[in-house]
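Here's a structure for you.
In order of appearance the chains are A, B and C, and numbering begins at 1 in each one.
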Amino acid sequence: MSTPAPAALIPGHPRTPALRAARLVLGRDLRLAFRRPGELVQPLIFFAIVATLFPLAITPEKSQLVLVAPGVVWVAALLASLLALEFLYREDAHDGSLEQFAVSGQSLTGLLLAKSVAHWLLTGAPLAIMGPLTAWADGAPMSALPGVFISVAVGSIALSLLGSIGAALTLGVRRSGVLLSVLNLPFTVPVLIFGARATQQAIQGVDYTAAVQLLGAMAILGVTLAPLAAAAAVRISLE
Amino acid sequence: MAWTWFHKLGSPPYVYKLAATLTPWFAWIAAALMAYGLIGGLVISPADYQQGEGYRILYVHAPTAWMSLQVYVVMAVASAVALIWRIKVAHAVAAACGTMGATFTACALATGSLWGGPMWGTYWEWDPRIIFELVLLVQFLGYMGLRAAVDDTQRADRICAVLAVVGVINVPIIHYSVEWWNSLHQTASVMKLGSKPTMPLSMLMPLLSMFFGYVFLFGALLLTRLRAELLSRERSASWIRDVVRA
Amino acid sequence: MSNLVLGARGLHLWRGDRHVLRGVSLELRGGQILQLTGSNGAGKTTLLRVLCGLAYLEEGDVFWRGENVRSNLHGFHAELAYVGHEPPLKADLTARENLSYWVGMRRPVTVARIESALDEVGADDWRDRPVRTLSAGQRRRVALAGLSLLSVPLWLLDEPTTNLDTAGQLLVTRMLEAHVTRGGLAVVAVHHELGVNGVTLHRMVLAS
């Protein structure tokens, strides 16, 4: 009895490089999102609804509304991002794709970072446009809008990435919405505080660089450490 | 040599017996320290120059708040140990910390509120340290919620361990919030490293006594809960029968 | 003599209070198939997932090429393919797209090779429709196409013939025979005997 030599079992093909694998995952997630445009716009519509409720509930006077405009923008952004986070891993967890990521031989951290980038592009970046629009509708001067744009853009990165940790921790939990927002609180509260402060400073016309730098620091923390924590949580959920 | 001791701490029956032995000691030491602290603080020490008699709630508020941070740190360290070295007993320690942490934090917020009302005319302020202490309370509740939401005990242990380690970032934020923001809370007068504390000895001694008293109280409570956790987790193991028979 | 060996020693796993895996040990070499049978809930899926490194092991070790897989988990994963109960396909992508992502993420693969793999599993005009419109049997065939494209030595398959008609079951048998003749190994959990011919077949029955 002889065992045949393993000829051409791995026919000279090397592994796909990590960066290319990440780009493929990013492209896949973007393509999938556009196949379901109805689901894609849900967080943004939710943002618009929440942002509209405030002037209706508080006051239509722009001179007063402009005082709460930063809060309106940021609470709406936070709630929209929480809604969006529920979709981040859900489908991949259900159809076995996350499992395949975990046994692919590629770094799970890198693949989850790619998913988070796609997620931000779809649900966070649009907020950077809707935020200034809302601020303007609530009485902010045009000169303030670039500042609002920057603060929401950077802050949404922090929210998306740090939020992925809570999403990964609640993977196996049914109806995880409230628990997700509770677990993400230690991250979202600082982002909210500094984001609203930056937006307020922009609207008032004072220098907002310090607050934006702190937001940037949180975003960097999110990009570097959040995927690691999320990967650990995903592996545990798959067990 | 040190390694065998560490190894023994991973064995549930050993830890159970150790906890049973230490608990009464911790309880009595805690009682003694707290008795001295309360009598010294509430009765003997002089009234504060600015706040009069009302400041005395400090003797309960400050140690409780400090303990809320310590409990989280213990929970986070136990979780890290459990994840890195795969020690089941460490998971039980972390689980035992959850409810106690929530209680300490809630008490800290409540005593702070009771202090603030008569003293500064406000029972609640959105001051940074208070905000982040409230976040800490939510973290403990979230930890307990996540543990309850995950079905399998072992998976719940590990996922909560990740949560505890990731959430530890709030602890330094709370501690340094008084330096980063101007707020209702005064800057540290006891814990300044290196320099002398700015409090008179007659106030400082009972306060320190209360701090340590609370530490031993936490120790006693933790060890008791730990024993309950171990009994529940290891209920099908053989050493449980020996314990019950004894 | 190749060093393609999958080993396991003293695997223990508990689910709550249930002792699911009780000291399982095995050794499988290149050119061999391990057939896992057992009643529902006996632990076949659990054992497969433990061998993949997906499930948490209380005690015991898994070895690949003589080394403990814990020392190089990514390297181990790069040489295995795991297909569970449900084919890991995205419902909104077509068969072609699914394969280009699932396989392409691990190994560069050309359009031509995807097409020929789909040909081999008998995909005709349905290869361009979203996977959610396909029948369970068709999805299983797409998963099999992916398996052959991945070109890895170790296959871990959980009931690969589910939802397949007779022709499909024959396809699985042929693929296993070809894989193993080329020197690969496979651990396959099944309910019925695999009808493979001309290859070394080991059997393990898990009792609940």
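One rule holds in what follows: a contact is a pair of C-beta atoms (placed from the backbone, for glycine too) under 8 Å apart; a residue touches a chain by one contact, two chains touch by 3 or more.
The shown structure was predicted, so the numbers you read here are calculated from the model rather than taken from an experiment.
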Chain of greatest Cα-centre distance to chain B: C
Chain occupying the most central position, where position means C-alpha average: A
Chain pair whose interface holds the most contacting C-beta pairs: A-C
Distance between the centres, which are taken as Cα means, of chain C and chain B, whole angstrom: 49
Between chain A and chain B, centroid-to-centroid distance (C-alpha), Å: 33
Distance between the centres, which are taken as Cα means, of chain C and chain A, whole angstrom: 34
Overlap residues in chain B, where contacts from two or more other chains coincide: 158
Shared interface positions of chain A, touching two or more other chains: 236, 239
Chain C residues counted as touching two or more neighbouring chains: 56
Sites on chain B touched by chain C in the complex: 152-154, 158, 236
Chain A partner contacts - residues on chain B that touch it in the complex: 131-132, 135, 138-139, 141-142, 145-146, 149-151, 155, 158-159, 162-163, 166-167, 169-170, 173
Residues on chain A engaged by chain C in the complex (per definition of touch): 3-11, 13-16, 21, 24-25, 28, 31-32, 35-36, 91, 95-97, 99-100, 102-107, 111, 236, 238-239
Chain B contact footprint on chain A (complex, rising order): 165, 169-170, 172-173, 176, 179, 182-183, 185-186, 189-190, 193, 229, 232-233, 236-237, 239
Residues of chain C touching chain B in the complex: 14-17, 56
